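Pasting the structures here.
Look at the two complexes coming up: subunit A is in both, with subunit B in one and subunit C in the other.
After this line comes the complex of A and B, so read on.
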């Protein structure tokens, strides 16, 4: 088990090292997020919305920025292995589940870096007041994890197909939409201090992320094999 | 076609005619609904049921394909997903008509409508994936994986999202409200309609898979 974890960490470290050489994924994530945030903030700012609408609209906007930035940056993880013809070597060097876990960790790091940057900035620029900050961090963490799990397996699928860029969004969005609806509801709940709704959406999020983790751990070796 | 199949097909036609006649002529209009709008339930519920069933069959066939690697399971999964998509569209349209009559608007993003939209998107994405992979074996594998992934989200759409948000749609599984339950005549027609639509989809499924098998054989002959 510890050997499996060490190998997965090695795959993730390899990807992160390669990423820091070019910073393609990080740059596209950050630039997409900042541009959208600038547009949203310029148009709406902290004063434009009526007080009772704020939690609803601001949580939707926050997650739209996060999800679409993720779609712009996370499709690379397997495509770059196929494009640089390093996938066969990776298949020889590591077991399929190790590769999956490594790529998942790598995507998680990217998403959490994005969130750590974006969420505070969003709250400051939009004047988004959160009634329960620690629970807000929990929603971000679980939502980000679910996002990473789903995009990892979809990225593995599209790396085998032909029209990759467009297909990534087409395949990811329907799978992500239920999660998106639930995390938006959770964010609204933590912003308004609605504990009952927070707990219900957190449980739904954990169930969904957990189910997706198990299913993709089983399915990934099939996608990766040929 | 063999004799039994032919007899079953004719039986199915007669059955559907009787169901349609009963739904429009025999049953009195239910109380508490505007005009004759309650009759749509005999078509809305079966189409939604068949859509769910077809997606379940598609998921099982995908699992069987990944296990056995035989092309026939891939045909089954694709045909079944196509049927599911068709019936989901029919369920959406009948639901929207009923919503217009009862609640005043065809579409208001009721949780049920949201979840059926996502379901339609998922299976449209399934066909987008199928058209993006040229190699038949790879296409079968990748679309089987996606179909199983997609099916994992279905319970969330059906049960969890409508629970978090308020919905006008009658509860499907746990109907606790005694005023909302059907009387026996309505129930008989609804069950007959469910059986008829299920039979119809089984027939369509067998036709679809036979077409796919012929196409497959043609491709083999050309190659």
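After this line comes the complex of A and C, so read on.
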């Protein structure tokens, strides 16, 4: 294992250890997701949508719940470092790219835990039938990665600002919107068994997540150090 | 238990700063401050509350950029050290810099050692905790520590990688008399070993530890 990866894993492990002891971000993510899911399943339920509309509308609802739950909790990774005054020592001790990769890994774990709980529950409660389950997992994985990359760099930017809460949503939404549209289309495609649309959406998701990874990796040292 | 010695192995590093100024919008914190500390020196920065001692320390650590002026780190051989490498060579204890309160003291040291790429063992961490007067076997998170105990852990964190330059901002403020005695002895031994020490303080006792002085006006 390279030294860089070991250091990044140390940052992620430290954040996860601290998170599992306080559960601030996990509780925010889970509470928002479960409340929204309960509201959606109670008001719409599995039978109120026309059969031909179900794949698209349920894909929209699933990703809205995931995206807004993520916005409720993923900014904590950097905001907490600044609020608890641990950021200066971390700046001195670790290379910026190590911090970025560690925080990205931490956000990835949180978003995957959220998805692992939420997606099966959503499918059961809303009667969301998926024609291609393994490809559905791929859409969730790549979409979740894209979500984590974007929220990680935005969280790093807003952690330096005074009006953090509002700024996170304001800055995240324009960046997340294209990804949101693509993952909704990918989810609709796997629900309907539309392989051509799935492949097209997956390519677009990977391209966007890859581009955001490169941009974030170059941008982060500037945001973090200055 | 393996007892390790935290002896300083690397060469000395000098720090010099000239005409350093810091301004936030229209508020001038300080202007045209200059000074120097060489290996074996203890530079004391003094000044009334709000004069910018902690700000100057943050600039000297590379955590803030000065509005004007130059800060340089130089090796014994006279080579400049780039700003993004300063963190490897310095340790800092300051009220505005905290360790992780959700982790135990041992977990904190393990974390800082790992991100610094140090090949230290738990025995090394325990020896360091013992050296700063903390119980290495205490398993409670730092949240439950007194301010003095948290200060001792911050000192341990600063010494972990045997840095060539050490910055102390009001370092003895939360320590009990025995802790203050220990810190004074330790700072003096760091200076004797040839390390560069910078202290920001208004404490009369800490002021006597220095061989050079920079005074900021309020």
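Just a few scattered comments:
As a working rule, the second predicted complex is superposed on the first by the 225 of 226 C-alpha atoms of A that agree within 3 Å, B and C clash if a C-alpha of one lies under 4 Å from a C-alpha of the other, contacts with A are read in each partner's own complex, and residues count from 1 in each chain.
Keep this in mind: a contact is a pair of C-beta atoms (placed from the backbone, for glycine too) under 8 Å apart; a residue touches a chain by one contact, two chains touch by 3 or more.
The model shown is predicted, which means the values in this text are computed figures rather than measured ones.
Contacts of A:41 after superposition on the shared chain: neither subunit B nor subunit C is touched.
In the superposition on chain A, contact is made by A:153 with subunit B only, not with subunit C. Once chain A of one complex is fitted onto chain A of the other, the partner contacts of A:28 are absent, as it touches neither subunit B nor subunit C. Within the superposed three-chain model, A:86 lies in touch with subunit C and out of touch with subunit B [touch as defined at top].
Within the superposed three-chain arrangement, the count of touched residues of subunit A is higher for B, of the candidates subunit B and subunit C. Once the two complexes are laid over each other on the shared chain, residue contacts for A:212 go to subunit B alone; subunit C is not touched.
Using the contact criterion defined above for the overlaid structures, shared-chain residue A:97 touches neither subunit B nor subunit C, since it reaches no partner.
After overlaying the two complexes on the shared chain, residue contacts for A:6 are found with subunit C alone; subunit B is out of touch.
On subunit A, the surface touched by subunit B in one complex and the surface touched by subunit C in the other have residues 226 in common. Per the touch definition, subunit C reaches subunit A in the complex via residues 58, 61-63, 65, 84, 86-87, 90, 92, 94, 96-103, 107, 111-112, 114-117, 141, 157. By the touch rule above, subunit A contacts subunit C in their complex via residues 3, 6-7, 10-11, 14, 17-18, 21-22, 84-86, 88-94, 98, 225-226. The residues of subunit B lying in touch with subunit A in their complex are 66, 114-115, 118, 121-122, 124-125, 128-129, 132-134, 137-138, 141-142, 145-146, 148-150, 152-153, 156-157, 160-161, 163-165. Taken together, the subunit A residues at the contact with subunit B in this complex read 153, 157, 160-163, 167, 170-171, 173-175, 177-178, 181-182, 185, 197, 200-201, 204, 207-208, 211-212, 215-216, 219, 222-223, 226.
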